[in-house]
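Each of the next two complexes has chain A plus one more chain, namely chain B in the first and chain C in the second.
Our next item is the complex of A and B:
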């Protein structure tokens, strides 16, 4: 296991209940990140139904929300992302003219 | 009031504990339903929403959850502390939970479809933690600033209101007034039970706050636009009239303090709990008649509240000593409170509210207002009359005898004013100057006195070192020289 402190990109995907769609999205996200930032990223999928307190702690008000915790400042993409690249552009992780 | 045979269910109400609002709503907000409170910026909707929760906690043992979209907990706690709301205490006791939903459009990008489940989850958590019965959401429309899918948001908000009802929550949701619609995003479409509108107009540098119940399904309510105040005690609505005129109308009579005046009223004096107006030009002895009444009440060991809008306490005491009325012992022993204040320092509603507070504080049996005509520096005729109507209402409900003086102008330019005000009074005493050849006399007569046989005799009034005396006129009185009648 790699040390988390070496990860320069930390992404959290907040969902409310696991669905096939949300699972597929999480997998696709993993795939794209592996392509672009191998070894530098960490993705955490958080189901708010299991950890409800995190909704207020992390200021989540809609799902799905993909949060870029690192690098700072925090960025959020709200809503389904069929196009992962586009979501990563929204998080300023990929350049706009990709 | 609709009370037909067909009415099989009774709407349960949730008292707000807010001054006047429960009277307007005849018992409170619809229990287990959502009420929409909307208005422009600074109209007081946040105060209303929070006070609903706070009073619920303090007066009805009903915990509450405040979902804040606009201000974080810290600033809410600070702002409400100035109104004497100890939110942090309620929070520490686990009775109040404020969840601030921070929405920063700058850090948000919108992708595809979403739902607001996390809002439900947060509320659910908060309701469970506190055992809440009441919820306030202020104001969920903020969410529209970050997300563009308006239809989706609206359907989610609708779902939220339904969910709150399923949870049995009595809720207040606030909304921002819109240009064409009632609220910016049409929240009123989803709230069918109760809608309250707040308004804050500035007129002549004085802010006038108004509250109106736009609709209340299944319940009678006061539909008038009513003034309200936000003061150091929170929210106070002042209904224009009570719904029911069921004032206790006793038969007890109390001396006017002037035996000759008692004689005009079958020797018995005023009715307790009635309203008395004494009108006259300057120096016709209105305040003297008031002072006699105060002294008589104090002698009966009754508390008196004397609101003077012209003279200072010292002036009143000194002047009355000259007609052998010594008020100072009663001030010292606490039976008499004299408050001297210029009417122009406060708006009409503040005056009314202040009077309410003083009366609640002191429980007087007699209230004097001298002279009420000074209120015309603060409001127009209708506004002053409305305020006086509310004062009379309030006094009657508490069986307090109200005594008012009204200053008329020598040229009678204000006659209509006095006549207009007299219509809401039970007894009207006119004292006026009377020019008898080269000598100025004072006369007094009872123009009306509801519910009692009274003399219509016109008396000459003498203000003597022994007090006010009334006699048969020592001159030939020509009735057509009288202003009134």
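Our next item is the complex of A and C:
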């Protein structure tokens, strides 16, 4: 078991149903994070069709939504994740200059 | 805020609140600052639940993006998000415009599903499909097309359909045909197409019009099938039919046909070849229309047979072959053979068959039967001959074996003859050297009377040896030629053996063996019991030979001669010695000609002799009607050797014997005062010798110096009793003279004499007409005896 205490970045990707598109987004996210933050991150993929309650609990209005739980404060981006780098910039995980 | 501004705000707010799209305004941290009722409805949250919440920073591009909103009932709303940057209460803010596209999305999904369904159908069709627009540019193709033509859609999309045509003309013609047939799919076009590989094939094509909702033609859809194999099969079928027709027409006097039969329906020909005209007098068409035109020609009995065979064939579906008689239009009856086999198709029986004229064959068969019977008889004869040949062959083989044996014998004989000639040379040279040497010594005038006597003895002795040799040869030759005749006389056997005994003792003395050899003699019967009739000269010759051998091979011990008491009609004489004996393996060979004993340890130890003695003895005994055999033990260091020869001859007892002995008779000089002899002799010394020999007989003598003179004197003197003819004479030789005299007189006795006592001379002399033969040098007694024999016979 990985110790979450050691992860400085925790990301949650909210999706609705496993589709080819959502699958590809998750894989791409994993790949980019591995590239930039090897060993320091954790990604959680949450399917709202399976766990609808989380939508209101976590205040998820639409999918796809990517949430930065850590580092605090919590940040969210919604919309098109075809460009993962851009999403990470939106979450202030990568510098804006890109 | 003034009322006017407020009023404007109110107006904008009204628009925003009544907007069909949901509107959420967020700050640059993603916090919602405002949401209109429509957004509240879309997001299924109360406006106050949205405002102040972390909505999320919208990632936007120039174009819109799609989002899903999970609904409480578990479905999804599809929303299109457009984001525009603005300011809100003097801060950077973003207007998020949310439009519900769920309904549109569902339609799109259904459409895609439908298309997917058609696409898979389209691709699963085995016929190749190509879709083109009205400009004949390729829009689409299915997988079967790719498989057949080798092109993938990406390679050909947008290109002219001409690229799949094998030639330009067909491409153009197809274009016109499509328009002409208005896309009616019933029409089929056979066109040559070209695959990507360049291979050309014949395709069968349907073309459909592609129409839009209003019925306008917007393109063409083509279906292609490769019919190369089908076309090939069709062609083969056509060829096959043509072949059958050709075969049918080529049958010299026959037809092939196909006939259909159904129970209760008249047979129908569905095919019949052209020569039916020749066989049945009708055309194929006529025959196919009415099969009776054929059946009516068949003789009634044969038609019955045909029907019977046909019914059987139909039941068993097996072939039949029958011979039927058919009446030709001109009235001739021909034999036809029909061969056919039916197969069944539903209720129909299809007969494929041939029918041909076998009249010629029928006739040949009759002839063949006759020939066959004849051949069978001949065969029996041949078998008998063969049997005989086999037997004859066996005999030949037997004969061959015998010939082989004879050949071996001949080769052996040849070898022995060569050996004999070598021996001869030695045998003749040895005494001849002595004779020549001592004759030369006699020529010396100073020689003492003692030496002279000694030399003469040696010369005479050696001369005798030579004479024996020559006599042996002559005897052999005589026996071989069958000219040796026996002269039977009555003799006393005891007297006979007395003489042999005396002579043998003399010989032993001469050989210097008198100290070592004792001569024994056994006479079991008194003189009056042993008067017999035989040829004493020949018996003596045999006994002498045996005795001489015994002396030759014995160094010490004894030699016994004698006879046994006669048994029935045979009497046995014997010569026994204690000599070296004869090895057991050689005993059977001693009577063969030219066989001589050889000392294997010491080849130089040569016993001398011609190798003819025992052979002559054996032959003479044979002539006398008797047999000779031997009993011998070979001398070895630990055993005494010895040989006994037994001579068995017919026992012919007689009451008395006129002459006391052979020797006495020979020494008696006859008186021939009344006899005349003609001497033909060119050599004066010989002439003198003969005259001297014959003088005591008081015979009258006439002399001829050559053959011619001899003939003349004979003509002039009818009282001549005998002619003594030298064979070698000048002017005319003895053969010719004899020949001429024989033409004048068959009975006159002619005795030939010559220096060469050879078989050939004797045979030649006898052939020329001579009665007898005397070899030179002529012995006194022999000459007198010979003349006596011939003159006394007259």
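Definition applied: the second predicted complex is superposed on the first by the 97 of 98 C-alpha atoms of A that agree within 3 Å, B and C clash if a C-alpha of one lies under 4 Å from a C-alpha of the other, contacts with A are read in each partner's own complex, and residues count from 1 in each chain.
By our rule, a residue touches a chain if its C-beta (ideal position, glycine included) is under 8 Å from a C-beta of that chain, and two chains touch if they have at least 3 such contacts.
All values reported here derive from a predicted model rather than from experimental measurement.
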Checklist entry - A:53 contacts which: chain B (first), chain C (second), both, neither? => result first
Checklist entry - Counting only touches as set out at the top, which of chain B and chain C does A:16 meet: first, second, both, neither? => result both
Checklist entry - Between chain B (first) and chain C (second), which does A:76 come into contact with in this model arrangement: first, second, both, or neither? => result both
Next on the checklist: Once the two complexes are aligned on chain A, which partner has more residues of chain A within touching range, chain B or chain C?
Outcome noted: B
Checklist entry - Which residues would you name on chain A as touching chain B in one complex and chain C in the other? => result 16-17, 48-49, 52, 55, 59, 61-65, 74-81, 86-87, 90
Checklist entry - Within the complex, which stretch of chain A touches chain B? => result 14, 16-17, 48-49, 52-53, 55-56, 59-65, 73-82, 86-87, 90-91
Item to check | chain C - residues contacting chain A, complex | outcome: 29-30, 43, 45, 50, 53-61, 65, 67-70, 72, 74, 76, 79, 81, 83, 98
Item to check | Parts of chain B lying in touch with chain A, wherever the complex brings them together | outcome: 99, 101-103, 107-119, 121-122, 124-125, 143, 146-147
Next on the checklist: Could you list, by residue number, the parts of chain A that touch chain C in their complex?
Outcome noted: 16-17, 48-49, 52, 55, 59, 61-65, 74-81, 83, 86-87, 90
